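Scrolling down, you'll hit the structures one after another.
Next, two complexes with subunit A in common: one pairs it with subunit B, the other with subunit C.
And now, the complex of A and B:
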């Protein structure tokens, strides 16, 4: 019950500028970056024109999947976005799936999701200014009538906020429910006298098997779907920002 | 005493906030039902229908997520306790 209600733990503090706190999220994030780097080096080493090894086929399948998704959603003019979308997908999926090995999911930290949402927001604004010009961008807030100005401003701010809150809420909601269930099952097994103590480890029989079912939904399904939705929303928003006249 | 009242009211408020879960539930169920109808009518459009449905369902879920965030703030980062 200790892990809910508190943010990610501070792992260590860098003693400059009055102490910068490095949290679990940052450490896990860098771990994922290193893991992805090693994985891509391994997957793309020794490439052949006609694939011989399974790992090349896996790498080609992933690249094809991202390329096709970007082409279908944004159109062929935006193919340069494929690496960014692939980065979002890989980072978000792995960031949610680290909870399977007992770490704190990276996307259960609002800082992570807000950072990604702000990156998308910068892209949206850049494409709006690029297509309409700066004057047209300012004028679009007063459309269709100037009375709509506050509402338009609000909806502009709500876009990154809702993207960030959606991903954060889903993953951290799963985390809170799983932790509550672990606590409840622990008390249940102490009540039924099916909990043993092996040295430092406490074994509660009721805590086995049942959380695994929930974990399939909250960790596997929810994590992957939210990553996909975040990437899709990024593509939809950016391409619609570029289309506006 | 004051703290107990604030804590109790915050817990009730968190519970009330989660009533908002009804809305996305109904909306998402409706969206999925309509998607299944359209897939049954045109099975070849399954991929497009499913992808669009997921985006729509994620959009509809926002309100539920907002309510959940409000409930989380009331339970774990209570702003009213600091004002006592």
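And now, the complex of A and C:
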């Protein structure tokens, strides 16, 4: 378990450009990519027009879910966004769920959520410029009256930052609370003398079962909901950016 | 791991951002090129298949309706034709049977008439021959009477033998 207030550990350092530190976040990301790659290959092997295998139905359900969500939220013109939204969902959900196998949640690293929020920000800006032209994009900051310029600029920057911090705050907050609870339950076990030492493992009876309840909320529920919120906000921001102002 | 460097809780590191961006792009490509491409293709194929079979079914339905109408028309015509044929045939048969009966009646009448005239002729022949016989017998009887003295007894015998002679004829 991480102690409270720690960021992700540096797993190794690539000795170029003065040493690039590769953190847990990145390595877990690689693991997720490999897992998703293998899962995708397995799910989509041997697809039939009339499905014969359950895994094809699972694959179709997922793809259909994302396709329908994108179509309903963004409209049929944005169907090419479906894999991007699926990437955000899969990455965020799995990134939060890795905490279930004792790893540090990937989305509890601000760099991760910031990266995704910046990607969304780039897309928003791209569609604003594409729809209204560069002049129109610049002018929109002075709308409806030029006095609004600072406020508009602030809201433009606030969009990706709020997205990044919302997800980071939720997942890392959950992680901190779970860690605190673990510490407290460990102390409680020692107080009640229900703490054993088995080789290198410390077994604290009070740490059993109770954290699982909180984990259901903080890891499963919060992780999935935040992933869904992030994906939905991306869809809403991008499609509204593509509308004529 | 124990000696590994631990970053701060909230830090912004450009290298992590860059690597996360790479990861996101790779994951995006994996999902797009493997999962979505394949699944969308198979679902699209299925949609086309279903649309195609609906179109074919509509076509077949229309064909069937058209053919049924055609058949109904043909069957109606055939029924009418057959009724006409039956009517004509029974009329013809009636005529033919009447003709046959008339013929038969005429023929029967001819046969009966022939038979009557034959009988009449035979009767005449028989009567004639009987008459000849009687004449002959009468002549022989007369000659016998003439050649012999006749007693009453003889007369009786004579008559008896004559009658016998007639009976034997």
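In this section, the second predicted complex is superposed on the first by the 243 of 245 C-alpha atoms of A that agree within 3 Å, B and C clash if a C-alpha of one lies under 4 Å from a C-alpha of the other, contacts with A are read in each partner's own complex, and residues count from 1 in each chain.
Assume a residue touches a chain if its C-beta (ideal position, glycine included) is under 8 Å from a C-beta of that chain, and two chains touch if they have at least 3 such contacts.
Since this is a predicted model, take the numbers as computed values, not measurements.
Asks: Given the superposition on subunit A, are subunit B and subunit C in a clash or a fit?
Replies: Fit: subunit B and subunit C sit side by side once superposed on subunit A.
Asks: Decide which partner touches more residues of subunit A, taking subunit B and subunit C as the two options.
Replies: C
Asks: For A:115, using the defined touch cut-off, is the partner it touches subunit B, subunit C, both, or neither? Pick first, second, both or neither.
Replies: The second partner, subunit C, only.
Asks: Would you sort A:169 into first (subunit B), second (subunit C), both or neither based on which partner it touches?
Replies: It touches subunit B, and subunit C stays clear.
Asks: Let me test your reading of the model: by the given contact rule, A:23 touches which partner, first (subunit B), second (subunit C), both or neither?
Replies: second
Asks: Under the stated touch criterion, which partner chain does A:195 make contact with: subunit B (first), subunit C (second), both, or neither?
Replies: Neither partner.
Asks: Taking the superposition as given, does A:44 touch the first partner, subunit B, the second, subunit C, both, or neither?
Replies: second
Asks: Contact-wise, after the overlay, does A:236 reach subunit B, subunit C, both or neither (first, second, both, neither)?
Replies: first
Asks: Could you work out the angle between subunit B and subunit C as seen from subunit A, using CA centres and rounding to the nearest 10 degrees?
Replies: Once the two structures are overlaid, it is 120 degrees.
Asks: For A:228 in the superposed arrangement: first (subunit B), second (subunit C), both or neither?
Replies: Only subunit B; A:228 stays clear of subunit C.
Asks: Of the two partner chains, subunit B (first) and subunit C (second), which one does A:33 touch, if any: first, second, both, or neither?
Replies: second
Asks: After superposing the two complexes on chain A, what is the shortest C-alpha distance between subunit B and subunit C, in Å?
Replies: Least C-alpha distance after superposition: 7 Å.
Asks: Go through subunit A and flag every residue that touches subunit B in one model and subunit C in the other.
Replies: 5-6, 172
Asks: Where on subunit A does subunit C make contact in their complex?
Replies: 5-11, 20-23, 25-26, 29-30, 32-33, 36-37, 40-41, 43-44, 47-50, 56, 59-60, 62-64, 67, 82-84, 86-87, 90-91, 109-112, 114-116, 118-119, 172
Asks: Show me the residue ranges of subunit B that touch subunit A in the complex, using the header's touch definition.
Replies: Interface residues on the subunit B side: 51, 54-55, 58, 61-62, 65-66, 68-69, 72, 75-77.
Asks: With touch defined as at the start, can you tell me which subunit C residues reach subunit A in the complex?
Replies: For this pair, the touching residues of subunit C are 1, 4-13, 15-17, 19-21, 23-24, 26-28, 30-32, 34-36, 38-40, 42-43, 45-46, 49.
Asks: Quick one: which bits of subunit A touch subunit B in the complex? Just the residue numbers, please.
Replies: 4-6, 162, 165-166, 168-170, 172-173, 176, 225-226, 228-229, 232-233, 236
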